[in-house]
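Note that the chains are named A, B, C and D in the order they appear, and that numbering of residues resets to 1 at the start of each chain.
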Amino acid sequence: MAHVLGQNQYGKAENRIVRVYRDSTRHEIKDLNVSVSLQGDFEDVHLTGSNANCLPTDTTKNTVYAFAKEYGIESAEAFGITLARHFVDNTERGVVRSARIRIEEYVWDRIKTPDNSARFIGADEVGHSFVRNGQETRTTEVVYDGETVQVISGLKDLIVMNSTNSEFWGYIKDRYTTLQEAYDRILATQVTARWKYGFSGKDGEAQPNWNRSYQHVRRHMLEAFAETYSYSLQQTLHAMGTRVLNNRAEVDEVRLELPNKHHFLVDLEPFGLKNENEVYYAADRMYGLIEGTVHREGVVPVIPVA
Amino acid sequence: MAHVLGQNQYGKAENRIVRVYRDSTRHEIKDLNVSVSLQGDFEDVHLTGSNANCLPTDTTKNTVYAFAKEYGIESAEAFGITLARHFVDNTERGVVRSARIRIEEYVWDRIKTPDNSARFIGADEVGHSFVRNGQETRTTEVVYDGETVQVISGLKDLIVMNSTNSEFWGYIKDRYTTLQEAYDRILATQVTARWKYGFSGKDGEAQPNWNRSYQHVRRHMLEAFAETYSYSLQQTLHAMGTRVLNNRAEVDEVRLELPNKHHFLVDLEPFGLKNENEVYYAADRMYGLIEGTVHREGVVPVIPVA
Amino acid sequence: MAHVLGQNQYGKAENRIVRVYRDSTRHEIKDLNVSVSLQGDFEDVHLTGSNANCLPTDTTKNTVYAFAKEYGIESAEAFGITLARHFVDNTERGVVRSARIRIEEYVWDRIKTPDNSARFIGADEVGHSFVRNGQETRTTEVVYDGETVQVISGLKDLIVMNSTNSEFWGYIKDRYTTLQEAYDRILATQVTARWKYGFSGKDGEAQPNWNRSYQHVRRHMLEAFAETYSYSLQQTLHAMGTRVLNNRAEVDEVRLELPNKHHFLVDLEPFGLKNENEVYYAADRMYGLIEGTVHREGVVPVIPVA
Amino acid sequence: MAHVLGQNQYGKAENRIVRVYRDSTRHEIKDLNVSVSLQGDFEDVHLTGSNANCLPTDTTKNTVYAFAKEYGIESAEAFGITLARHFVDNTERGVVRSARIRIEEYVWDRIKTPDNSARFIGADEVGHSFVRNGQETRTTEVVYDGETVQVISGLKDLIVMNSTNSEFWGYIKDRYTTLQEAYDRILATQVTARWKYGFSGKDGEAQPNWNRSYQHVRRHMLEAFAETYSYSLQQTLHAMGTRVLNNRAEVDEVRLELPNKHHFLVDLEPFGLKNENEVYYAADRMYGLIEGTVHREGVVPVIPVA
């Protein structure tokens, strides 16, 4: 039976780049991990051994570093858009038909010193010391196909916990059910979120303020997590997604992956002690995994299922 | 603007299970990591806080362990099919409309002792000692929607290297190209492969011999990697995929993800030494990432892009 | 030739425990990973198969959880001291002669909501929402041998960077040297620090304020890192260690392990661009690794080399 | 109070090197991760900012790669000895007083093809295809102080399991004991082993056959694990260590770290099923951790406690 080459793509993954802005006495830094992936006319590369249509992955890497100088990095999203457009619009003979740029961003805070203003912010020796924030990793994925830009931003590894205001009961009981109903439990999860922007990169369309939008989306998710009295992690997920849509007009769709980081109440009765929801064992595996999308009516959701 | 709940799913992930068969003097073991994910009528769970339609993730976990006893584990694929069918067919009021079971399998070899037959395989004390193989992880994903079973098996973390018979030249050169052409380089990659079976779970349709099929698919990929004189990793990828389709009728589609684990020739000239393709620096990041699907003509490919 | 049993120890490692204090409307939480290791009269356990002298690792685990209720967790250090003393002082027939408790602590911040005081801190629904800080992991190791307590606290995975004020030149040049001298480079490292307290657990000796001491030691290290104009990472290490000793009388000895997280200036000249210390490649491996101890004169250093 | 600089060391860590031997139609490869650490007269580097006594870590890296060409890599141990001697004996003004070389080795197997001898081992196209073994990582640590060489070799991540012939009972029971005695359990562990050679590098002293010794030590540990009817993991540890000392005269001391990878019998009774030691949950954390040294009488043990 004959066979054919299907979807294929390639590029240089995980280009680690730090861009320093030294224009003032306070430096600014951007710390990114950039992955490039290209689709296009690459049949010959696979079938004949000819690389005439192959832009080397090494060149895509060089482009990332050169663009950091030529265009700067105002935000991961804007940087990704510039890169994606370049690969599609400028590669020889139009062999690249679609480019996907994925970026992870690591946030750094300034190191605070006791007398920051006087002693430390002098003429030459200032504002160049940073500590990595470590709370979450910011992500974005930009796809450009020659016509439309699609931006899906997100975050991962943001770990949150409610020490109360969570219940779970009233569920299906079958032959294999042993779980006891819970009327006051810990609810903890490690948030992976992706949200799609309405922005499509048309001529004259202004880019959102990506950094500001990120801060607000993140804040709304945290607040919804904290303020939702929860009867299931699904309910909390839904509250987090709708909170974002209700408050951020630039976002069309939100997808959340929420592992239920189980905290099991330890049985202290054998030791003559009463555990009044105070001592928990934090388990690694197995874990519940709750995933879901919330999107605006009329919008076709595009964020893929992991 | 109104918003709606889109695709959603949940279940218990990473149930680690070891099943021992002690029927004979030589034990057999199966070592799996089983993840359950269910789709269905779960709107209320998200929106109202009612869990009346929620089969707890804890129950899905219990089911995995109970089924390991009730039905045994002949292969990860067969075990996954049994589980997926159960969740869809047997859950109350048909609220589960589709079930996905993902399984990782860790292979163990027997520990060989010098005089295995005589001293060690006696009446009571025998064939119960194992060492984890460690070469690759075997994977499968079974989806059942009430009508059709879909099985995508695979492997990951299989690391291979050709120390010669690999070239890369004749590619596009643009402003950002600095790569030197290579006429004899190391080609190394860490194989992630997934392949879809034609099996659809219809009444009376016999299951393939999953374990035997796995061994053959793996062997064909290794042989194609070793025997292909390569002008690009794309070409090697294509050779690996087609080799499987040419030899295994039960497979319809193969998708490969091949990071190019770069080995850079070290410049020894500053030390008065000549490096005749002998001393390499094995890099971690950045790396080329080559991905592609090969499928039979007329078959609609279904393995998702990572 | 005869052989003998040498140093040996055992216990339950990585007991993950979350302790919730629900006494007020604002909950407090402690999130620890506790590892127990015991030394003592365990020859028979190894040689004869008799477990008469073996306190099961499972019992050491139970003790950790029970003590979290009985004694609470004011600090990792105080909790470790209570546990270590228990195992040595209370185990049957004195078979445990020395106990070592290692603890990792994960710090959580409160989730801030816009109107924290009014809307959120009400009667029932309050101060129970947390986000994991993620910046560093706090560590401690307590050893008790029946007479003396030794406390070595620390931190790990605190990542810091100076974007300037770092040079490296004037070093030895031999046949294998190709490194160019640097007069303005990025200095970045991932701090692992351990410091020994003078506290020895004698009768009547007050415990330091462990949590307060931690905050100060951490602050002094960050400040020394930020304020040192550096000619080598060794010099920065020394400045960090001495800053702690100069400011914290309760600390006798500081040991630091500082990987030099290399940031290489990218050569942009092939692209007609000038890199004025703005665009860097952040490398993973290989990396310089600088380790050193600073201690008070007359004190015998005890923190082991990794 | 005055303070002083204590133990300190530095060097380049994790130099990843692949050495290809292409002398015959069958290539040979060595795949190492080499870490260099130097001790010596480095006070000034820490205190004054002068690097006059500093051999850059970059130079130590270059030396590793150059030596791979100049001296080849017959074994990790021999390569480590050559490197360590070089740094101490040849660095300017004798500033390096002691050098430690740590090496991890990753083993590769040849890819087997069906007709290996005829089709594949031809004149030009042969024996250059490898698959990483993956079972364990081989380790060594060489220290040279200008007089004596000390070699401690080992392995890590070798995962083994006995599905029976393991019991645990008769232990101490105190207020915190809930563990049930076990008369037939799974015993599984992930072996980390280090063993010290008697070899001291004196003039005229022949080096052991390091590769052969490794294979034998590994085999004896596996056999002892498989053949020991175990009443505790401590007993198994002791059997493994003594088996090596009894059979390998070149080894003086063995230290083992054996995490007890718990496999818990799943309670299937709620589902009307009987679990006859067939279905286990493989836990990640917490875990027992058993560590111990066995050494020849009269030998002072030197392998440090982790």
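Everything that follows uses one rule, which is that a contact is a pair of C-beta atoms (placed from the backbone, for glycine too) under 8 Å apart; a residue touches a chain by one contact, two chains touch by 3 or more.
Here's who's who by UniProt: A, B, C, D = Uricase.
Because the structure is a prediction, the values reported are computed rather than measured.
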Which of A-C and A-B has more C-beta pairs touching across its chains: A-B
With centres defined by CA atoms only, which chain is the most remote from chain A (Uricase)? D
So what's the Cα centroid distance for chain A (Uricase) and chain C (Uricase), whole Å? 29
CA centroid of chain A (Uricase) to CA centroid of chain D (Uricase), Å: 38
Taking each chain's centre as the mean position of its Cα atoms, how many Å separate chain A (Uricase) from chain B (Uricase)? 25
Quick one: which residues in chain C (Uricase) touch 2 or more of the other chains? 15-16, 62, 66, 176, 178, 270-271, 284-285
Residues of chain C (Uricase) touching chain D (Uricase) in their complex? 1-16, 35, 37, 42, 45-47, 49-59, 61-63, 66, 90-92, 95, 168-172, 174, 176-179, 230-232, 234-235, 237-238, 242, 245-246, 253, 255, 259-260, 285-297, 301, 304-305
Residues on chain D (Uricase) engaged by chain A (Uricase) in the complex (per definition of touch): 175-176, 178, 270-272, 284-285
Within the complex, which stretch of chain C (Uricase) touches chain A (Uricase)? 15-22, 27, 29, 31, 62, 65-66, 68-70, 108, 111, 113-114, 120, 125, 128-136, 157-165, 186, 222-223, 225-227, 229, 263, 266, 268, 270-271, 273, 275-284
